[in-house]
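One structure, as structure tokens, below. Some questions next.
Should a chain be cited, it is by its letter among A, B and C, assigned in written order, with residues numbered from 1 in that chain.
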Amino acid sequence: MELKKAIAAAEAILFAMGSSVRIQDLSKALEMSEKDTVRVIAGLQAKYEQQDSGITVTQLEDAVQLCTKSEYYEYLIRIASVPKKIVLSDALLESLAIVAYKQPVTKAEIAAIRGVNCDSSIDRLLSFGLIEELGRKDAPGRPILFGTTEQFLRSFGVKSIEELPSLNDQQIREFKEEAEEEASANLSKITM
Amino acid sequence: MELKKAIAAAEAILFAMGSSVRIQDLSKALEMSEKDTVRVIAGLQAKYEQQDSGITVTQLEDAVQLCTKSEYYEYLIRIASVPKKIVLSDALLESLAIVAYKQPVTKAEIAAIRGVNCDSSIDRLLSFGLIEELGRKDAPGRPILFGTTEQFLRSFGVKSIEELPSLNDQQIREFKEEAEEEASANLSKITM
Amino acid sequence: MAIPVKLEAFEGPLDLLMHLITINKVDIYDIPISTITDQYLAYIDRMDREDMNVTSEFLVMAATLLDIKCRMLLPREVDEEGEEIDPRAELVEKLLAYKMVRYMSAELREKQEDARGSFYRTKEDLPEEVLEYEPPVDYEKLIGDNTLLTLHTIFQDIMKRRENKVDPIRSRFGTIEKEEIDMDVKTGYVRKYLIGHGRTSFRKLLERQKSREEVIVTFLVILEMMKSGDISLKQEETFGEITIEVRDPEHLEEELDSGEKEQWN
């Protein structure tokens, strides 16, 4: 299939399906390899950028979905009932950050890092659909393991969990060095 | 607002709204006259045509809506329609055998022989095109008479229903007795 | 010493500790444990103790701080390689991990703010033609191994099954009429019985009934007669004998006559 036609077909599929479509499923519908499908998605994305479109295509782990470009938000809210922004308290955000970076992670592990019981914040994050149960840890009591959802990626505009500022050794070292210098400024901002 | 930007904003709005949007409402969101809004819609339409998009904008009375271009429906079908399991279950085979040997036959007669309600198996056999309606029986309620189709003959590799392995003498005698009762009425129906 | 802590809500003990370290402008790797512990204790002393869960978490940290403070006064323990162990090391690790979480949450908050302008569709919008599409039937797959002979065998099986269902002998019998037990007839019978016996037990009355239906109807008749005051029932103990006593034999006889007349008319 010609690339132009494949791009249009992908657009038609993504538009009609509304929700996210796995690249694997898209490649089956387009009858092409996943590698070519990724190329088609890139083509669609490029088309949206070049032509100052109001919509764009975002990647969410191994799936893709159409969404409006944020610069047109002001027009949207005048007419569409945009879902209310979820306001996350510091406590929720801390628990969410731990889940995002340490997933799969148990409640007890989250509580150990935060130094407080996290039951209620976990429950709220679950109800917001930002985290989900991934299974159970092979440990005494078989505790539930939590991880972030696709909704998390959408809400925070990240393509993949990998895209989050990673915490590899190098960065942790840097961070430790930084910690001493910047410390106060950053913290006073958060705690206010 | 620049036309290009207005087109993108309109696209974002139409995408987000999903359903049809009245031109009047669109013009308010874009903060421009309805006349200019119509121009913007024309621009969006032109953009979709020029760029071989998978979507297009349709106008309905005084409203507009984004929708998938019909030439891409085949791709949608491939991703959206769940492949149905197509095998002849025992229930289907029983009903089919009864139709084959006793045609023309009504639903009630098939049900009486099988001892269970056969509505769904008859529906499925009809949807597979293995049986068809032959007419109506001249009996209370004028029930529909069913018989096998040409597709049935083709699928089973026979030229005519006469080729069905004949039943043994005893059974034939029984059938004949029954047949005399139902008799001519049935047959005359078929010729209608 | 003066407590430089304004009473404000903290997320947890680590949050409070970070706050103390920040306002004291001390190095996280070299915490003046004595000062910080004093301030920490002073804070939780003034804390709202209503939420026991939160309070206990703060108390655990207080105990940890006191433990570290004690160990700081003792000669240092050494690890396998002979290096001195700083009693604060574990706490520093925890604080660093927590600091990292705080940093990451700030990062997430920013991301959320940036992402907030994008609108996603949640519903699918499939054209009717797609929704109503029926895939063409693959007859080869559908028919599979089935042949006309299969149909023939199946049909014969059905007919056989049907024959077996009908018991050839019993099917020749006419239908057996269900015996209806007439409540009035039974009432007459019970009245006659009671007039003859005057006083009897319920059990004895039932012994003369042939079927379950008769027992039920007899029971109903007894209840009815008790309600109209013709008889009285007595039972000494649970599951014990129920004694039926006729209260007005003459009235019962009158009723018996009229009842029979009604029936014959």
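We take it that a residue touches a chain if its C-beta (ideal position, glycine included) is under 8 Å from a C-beta of that chain, and two chains touch if they have at least 3 such contacts.
In this text, all values refer to a predicted model and were calculated from it rather than measured experimentally.
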Self-check item: Chain contact graph, described as a line, ring, star, complete graph or other shape
Solution: complete
Practice problem: Find the chain most remote from chain C, comparing centres computed as mean CA coordinates. | Solution: B
Self-check item: For chain A paired with chain C, centre-to-centre distance based on mean C-alpha positions, whole Å
Solution: 35
Practice problem: Round to the nearest whole Å and give the separation of the Cα centres of chain B and chain C. | Solution: 41
Self-check item: Touching two or more other chains - residues of chain C
Solution: 119, 121, 123-127, 130
Quiz prompt | Of all residues in chain A, the ones touching two or more other chains | solution = 15-18, 66, 68-69, 72, 76, 80, 82
Practice problem: Spell out the residues on chain A that touch chain C in their complex, using ranges where they run on. | Solution: 15-19, 58, 65-73, 76, 80, 82, 85, 88, 90-91, 93-94, 96-98, 100-101, 113-117, 154-158, 164-165, 167, 172, 175-176, 179-180, 183-184, 186-191
Practice problem: Note which residues of chain A are touching chain B in the complex, please. | Solution: 4-5, 7-13, 15-18, 21, 25-26, 28-31, 47, 51-55, 66, 68-69, 72, 75-76, 78-80, 82
Self-check item: chain C residues touching chain B - in the complex, by the definition given at the top
Solution: 119, 121, 123-127, 129-131, 133-135, 137-139, 141-144, 146-152, 154-156, 158-159, 161-162, 165
Quiz item: What part of chain C is in contact with chain A in the complex they form?
Solution: 11-15, 18-19, 22, 25, 27-29, 53-54, 57, 61, 94, 96-109, 111-112, 114-127, 130
